[in-house]
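Two complexes are shown next, each including chain A; its partner changes from chain B in the first to chain C in the second.
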Partner chain A sequence: MHLLILAILIPFFAAALIPFLYRRIGKLNIGWFVLIVPLALFIILAMRIPDISAGDTIAATLEWIPSLGINFSIYLDGLSLILALLITGMGSLVILYSIYYLSPYDSLPHFYAYLLLFMGAMLGVVLSDNLLVLYVFWELTSISSFLLIAFWFHRKNSRYGAQKSLLITVFGGFGMLAGFIMLHTMTDTFSVREIAASISQYTDHALFYPAMFLVLLGAFTKSAQFPFHIWLPDAMEAPTPVSAYLHSATMVKAGIYLVARFTPIFGGTSAWFWTVTLVGLVTLFWGSFCAVRQTDLKALLAYSTISQLGLIMSLFGMGSAALYFGDGSDGALYGLATFAALFHLVNHSTFKGALFMVVGIVDHQVGTRDIRRLGGLISFLPITFTFAMIGSFSMAGLPFFNGFLSKEMFFTASLNSASLPIFSAGTWGWLIPVIAWTASVLTFVYCMIIVFRTFLGQPQLKKLDKKPVEPPIGMLISPAILSLLIVGIFFAPNLLGDHLLRPALGGVLPGMAGAAPHITAWHGFQPELWMTLGIIVIGGILYATLRYWKKVYSLIPDTWTFNNLYNRFLAGLENNSNTLTSFYMTGYLPHYFAYIFTFFVLVAGGTLVFTGALSIDFSNDAPVKPYEFLLVLVMMIAAVAILFVRSRLTSILLNGVLGFSIAILFVLFRAPDLALTQLVIETVTTVLFLLCFYFLPELKKDRIPRNAKIRNAAIAIAGGTTVVLIALSVHSGKLFESISSYFENSYELAGGKNIVNAILGDFRGFDTMLESLVLFIAGIGVYTLIRIKSGKEPKKNEDK
Partner chain B sequence: METLIILLVGVLTAVAIYLVLSKSLIRVILGTAIFSHAVHLLILSMGGLKKGTVPLLGEEAESYVDALPQALILTAIVISFAVTAFILVLAFRAYQELGTDDLEEMRGVNDE
Partner chain C sequence: MKINDVILKTVSKAAVLIIFTFGIYLFLSGHNEPGGGFIGGLVLASAFVLLFLSHDSETISDAIPLDFKKISALGVLIAFASSTVPMFFGQPFMSQSFGYFDLPIFGKTELATVTVFEAGVALTVIGVVVNIIFSISEDE
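Entry: the complex of A and B
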């Protein structure tokens, strides 16, 4: 098995091992063992960097369902490698951090098992070449995210957030699956690479655009793009390490990865360019707009994550234009956007991871994340403050941090797209840099809120639950590493650019890896620089005057939010299904019987009529003697009479008439064993009926409405007729020879001259044994029901 | 003969269905008992009636009637007896506990 296939499976195996390990290791935190997994995987993957940056790709296949074209095939190129390194690298840091963050009272084995499950699934998503395998892993990430959000499941909000994220992402996932199947219908393969190679023949196919939008639906729901972003703020109920890992660094990037992965397939079309770019820009703006009003630091970070994901998404949209031009100077011009997207993808994971960890530290050390209760923490948590500042300033796009570089590239790309000569960008293209700039101003404002409202100003120690002190050193290691990366990438961006981003660019825009620019921090007094300066000035003013213009937020009524829409939709769904269910699940036995018999008549009778199986042939009948006819007549009269009698005794006796007449019929039909058994059983049954009726009330007149009676009669007659028709048809036609003649050798085979006995006692002896078991069970049931004490008293308590 | 028995089966089935659909638990139980009668006759008539002699090899006859349906019915008779006995006792208990044999009144309360 290839090492990379193993890399996907190792986290799953490790997750399965955790419960056993947990019992063995005693006091040592299980997290230390878990940490080995991502660290080892990170090293394995990092060793591939030289090969990949040289332009190689690695592919391996493990057959799963080859007849359906579904194979466990993996493919490692630059794009997958970046994501895989993020998953394992951030995974290591987050696990290290969580060892100190989680309290020993939390259920650690669950936490780490879910986390490893997620890690394996996420690696599966980014390494799979087969669409259906990718889909399976994709849904597994949704499930592990659900489990992790609901980790503190005793909280109502955790359960709500978990359900919301699952419903929205799985809804999108289903759409994506439909898109994948459409792609398969078009191209007859599930392999992403093969589809990308042959898609140019299918751009006119009727399914091309539906498939595109369905795949995008999956990507947008997963990456919390407008208007599906509403699940991400509620997902913040998860423990902070989870938020840092799943809901900012990795899982929410799965949608972005999907867009990047499908750019070679759908990119270069106007629909892809505008959908991805606009959805990204709207998300960018709306996320940053909402982030400013938040008072909970984690909610603020959630909206900022939404906003930054929108930024990356829009960059991938803009970059897809390069595929229209192909390999050339124009292609390189627009391909810059894709490069910026990949760059920002990495940068965002570093600074947002650091910020989440900082917020986690504040929450952990102080007991609150509400900025109205925080302030002045700089003197108590100076190290944490440093990390917060580095992370926020990087996110705001200030110099000396990696965010500055990718932000400037973002502006360059948006300006390039504004003057795009295709896709009718001339009319609306100017909107792109305007939205980008406005959203960046708001980004600057909320970044300042994070730093200044938390760490500067007057300390409000009375409002805090604990006296703030720096956390244990172990909690600071991970944010320290990330902060070093933030600064390090600024000073040596091309190390990252040449070794990881360039090959990844080739993965998104095939054949254009050479278009990767050389990253520089200073490129003269260009428009981008003025845009950054404008952000700092305007953003600064807006931050200072925040309390005057904050009224803007109350302009939107609360009832108009997407959250409200979601809640209403869910409540309506529950109500309607409840109404529908209680409409037919009435709790009234005759109704259920009526459904069953009507269904029987419709299905069995309908099949009989529509398949033309109905045939009636009397020629094979045995002759009827007059006394036999009389006997049957008596039985029919007795049966019908049961319907009309009022007395219990009469109805029991009439049932007895039926039973004993059947015994006589058995005699006539050469079945002495049956006749004997029937006589005995019928006698016992009649006695039993009489015995029980002694305890049961007198039969009342069946007080059911007349139309119900007619309906019941109709069902009964229809049922009887169906049985007659089926029986007649079966009797008239023989499909194959009867197997009964085999049993006529019973003397040779079983040593019995009575064939019926030989069948019961020998040929089907096992059935007879189980039959006596049934009798035994029924006997136990009867005995217990009679002996059991009346449970009236405790039952009443249960009801309440 | 088979057609006659099949018609009888039809009448028995219709009566049984009507009883099972009624409100009174006792009638429902009677209905199930009649159901089993109907099914036994149905199985027997499907094997063909009076096509030979009793399925005892000692008879040394030309042909025997089909023994397989008889074996099946023998099992069915016993099982249906067990089921009838069980439902009867169940009805008895239900009446003791709830004070009614009317299914309308037995309608389950919402358990939430």
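Entry: the complex of A and C
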């Protein structure tokens, strides 16, 4: 098996091992063992950099369900490599940090198992070439994110945030799945590369645009784009290492990755350009606007993440215009936006990761993240202050930090797009740089809030729970590495650009890797520089006068927010479904039977009549023997008798008579498999009935009104008639060629002479496998229902 | 439910032995003769049910310290895990294979991977059936 396929599977295996390992290692923190996984994977992936930067790609396939076109096929190009390196690299740093951050009272095996689950799933998302495999991993990241947000599940807010994130991201995921299936309908393949190669024939297809918007729905919900951004601030209830890892560096970038991955497929169209760019820009502005008013540092960072994700998203939108022009100077001009997007993607992970870790340190050492209670921490936490400053200034786009480079490129790209000659950009194109600049001013303001409100000013020690001191050295290592990267990338940007960004550009804009620019910090007195200077001046003024214009925020009533909409929608959904369900769920078994049989008669019987399958033909039948008549007579008597007996015990036994007679019928017709199964099933169900009978009250037949009796009788007769008609039609008519001759080869194909079992275990093994899963779920369901009702879950199970 | 019936207890002890043997026979013969994982599991489960009914359930759960919930979970796990094995040999998910081997005592014998899968099905059936009947009979 290919090493990269193993790389996806290793985290899952490691997660499965944790519970066993945890008991063995005694007092040592399990995190040290977990740390090995991402570190090893990072090294494995980093060793591929030379190949990838030389323009190679690596592909490997493991067949999964080839008959449906679903294969475990992976594909590593520059784009996947960047994401994979982020996942494993940030993963290592975050795990190292979490070893010191989490308290020994937290359930560490759960935490690290979830984290590894996420890491494997995320690697699966960025390395899969097959859309359905990608989808499975995609939802797995949502689930692991849900588990991690609800890690402190005793808190109400954690549970609320976890549910919200799951509902919104899975909702988008379903849309994305529908989009994938539409793509498959058009191109007849699930492989991203094959779709990209053949999509040009299908741009006029009726499903082209629906597929595009559904895929974008998945990307926007996952990457917290406006108006789906509301889940991200609530996800901040997760432990800070999780916020740093999932909710800023990796998982929320999955949507951006998806947009980048699909740019070769949908890019070059006007709809893609405007949707991605505008949604990104609105998110950029709205995120930074909301971030300024936050008082909780983590909430502020959450909105800032939303805003920065919007920035990257809009850059991918602008860059897609390059595909319209193709390989040429115009293409290179607009392709710069894509390059900037990739660059900022990396930079954002470094500075936002560092900032989250800083906030985690403040929270951990001081006991609060509320900026109204913080201030003057510089004299207590000087090292942490340094990291906070580096991270914030980089995010604000100030020189000597990597954020400056990508921010300038962002301005260049937005100015380029304003003068785009296509997609009717002439009318509204000027909006792009205006929104970009305004949002960047607000970004500057909240970056200053992070640094100055927390670390400068008067210390308010009385409001703090504990006296602030620097954290243990282990907690400082990860932000230190990230801070070094922030500065290092500024001074040697082309090391990153040439080896990682250039091949990634080729992945987003095929054949245009050569358009990658040489990154320079100084390009003379260009508009970009004036924009940056303007941000510093205006942003500085706005920061100083913040208390005067903060009233702006109270202009929007609370009832108008998307959060409120979400909450009311959810509450309404619960109420309505409750009303609807209690309308037909009467808790009265005969009603349920009436529904089931009416439905059966209408659907099955209706299909039989309308498809013209109804045909009854006795001409080829063998004569009925007298003892067969006798057996059927016994069955009929037993069935009718059940209606008139007055005790449950008798009706159970009569039901048994019916079942065993059917078994005898199977024997007579030489079907030993069926007879055996019927006999045993009948035995077990009779026992089951008798057990249940023990708890049931006496039969009270007299209370049923006459009308209901007649109605029930009519439904029962109709149900019985339908079954008989279907059985006779199946026997008489042949709508299509029988496939049974295939199964007759079971001895050669499956090595078994028993055709029935060869079908069950081999030919149609999928059915059997999933049936046993259903059986298992049903069994657990019965067990839980009984135990919950009686409220006596055995204690011994919990102690284990 | 506590039943004290000497005859039932004595007979069921002998019967259970026969049913177990029959169940295992059915499971193994399923490849070429009537039988198989589902029916074999069901017969084995019915033997357990007989034990639970003829003796009181506490005696039996002390004598057979098995958690049938876990057995059913193990069964599902075996069915799924055995199906992924072919993927490690470059075959599609759920491919089964078989071969004929000369074994001592048995002579020429057919061994098939589908038996592992069927064992998973059988364990699921045993676990689920016994678990359902046991939890209903314990509920008071």
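Convention: the second predicted complex is superposed on the first by the 586 of 800 C-alpha atoms of A that agree within 3 Å, B and C clash if a C-alpha of one lies under 4 Å from a C-alpha of the other, contacts with A are read in each partner's own complex, and residues count from 1 in each chain.
In this section, a contact is a pair of C-beta atoms (placed from the backbone, for glycine too) under 8 Å apart; a residue touches a chain by one contact, two chains touch by 3 or more.
Remember, predicted model here, so these are calculated numbers, not experimental data.
When the two complexes are overlaid on their common chain A, residue A:F20 makes contact with neither chain B nor chain C. A count of residues in chain A touched by chain B and by chain C gives the higher number to B. After overlaying the two complexes on the shared chain, residue contacts for A:F72 are found with chain C alone; chain B is out of touch. Looking at the shared chain after the overlay, A:F583 reaches neither chain B nor chain C.
In the superposed model, A:A713 lies in contact with chain B only, and not with chain C.
By the touch criterion stated above, A:L775 is placed in contact with chain B and with chain C alike. Of the two partner chains placed by the overlay, chain B and chain C both lie in contact with A:L760. By the touch criterion defined above, A:N655 lies against chain B but remains apart from chain C after alignment on the C-alpha atoms of chain A.
Once the two complexes are overlaid on the shared chain, A:L688 sits against chain B and chain C alike. Once the two complexes are overlaid on the shared chain, A:F610 sits clear of chain B and of chain C alike. According to the touch criterion, the shared surface of chain A, contacted by chain B in one complex and chain C in the other, consists of residues 672-673, 677, 681, 684, 688, 692, 695, 753-754, 756, 760, 768, 775, 778-779, 782, 786, 790. Residues 1, 26, 30-39, 42-43, 45-46, 49, 53, 69, 72-73, 75-76, 79-80, 83, 87-88, 90-94, 96, 98-99, 110, 112, 114, 117-118, 120-121, 124-125, 127-129, 131-133, 135-137, 139-140 of chain C are the ones that touch chain A when the two sit in their complex.
Partner chain A is touched in their complex by these residues of chain B: 1-15, 17-28, 30, 33-34, 37-38, 40-42, 44-58, 64-68, 70-71, 73-75, 77-79, 81-86, 88-93, 95-97, 100-104, 106-109. Contact residues of chain A toward chain B in the complex are 586-590, 593-594, 597, 618, 620-624, 628-629, 632, 635-636, 639-640, 642-643, 648, 651, 655, 658-659, 662, 665-666, 668-674, 677-678, 681, 684-685, 688-689, 692-693, 695-697, 699-700, 702-704, 712-713, 715-717, 719-721, 723-724, 727-728, 730-731, 738-740, 743-744, 746-747, 753-756, 759-760, 764, 767-768, 771, 774-775, 778-779, 781-782, 785-786, 788, 790-792, 799.
Remark: chain A residues 1, 62-67, 72, 672-673, 676-677, 680-681, 683-684, 687-688, 691-692, 694-695, 750-754, 756-757, 760-762, 765-766, 768-769, 772-773, 775-776, 778-780, 782-783, 786-787, 789-790 touch chain C in the complex.
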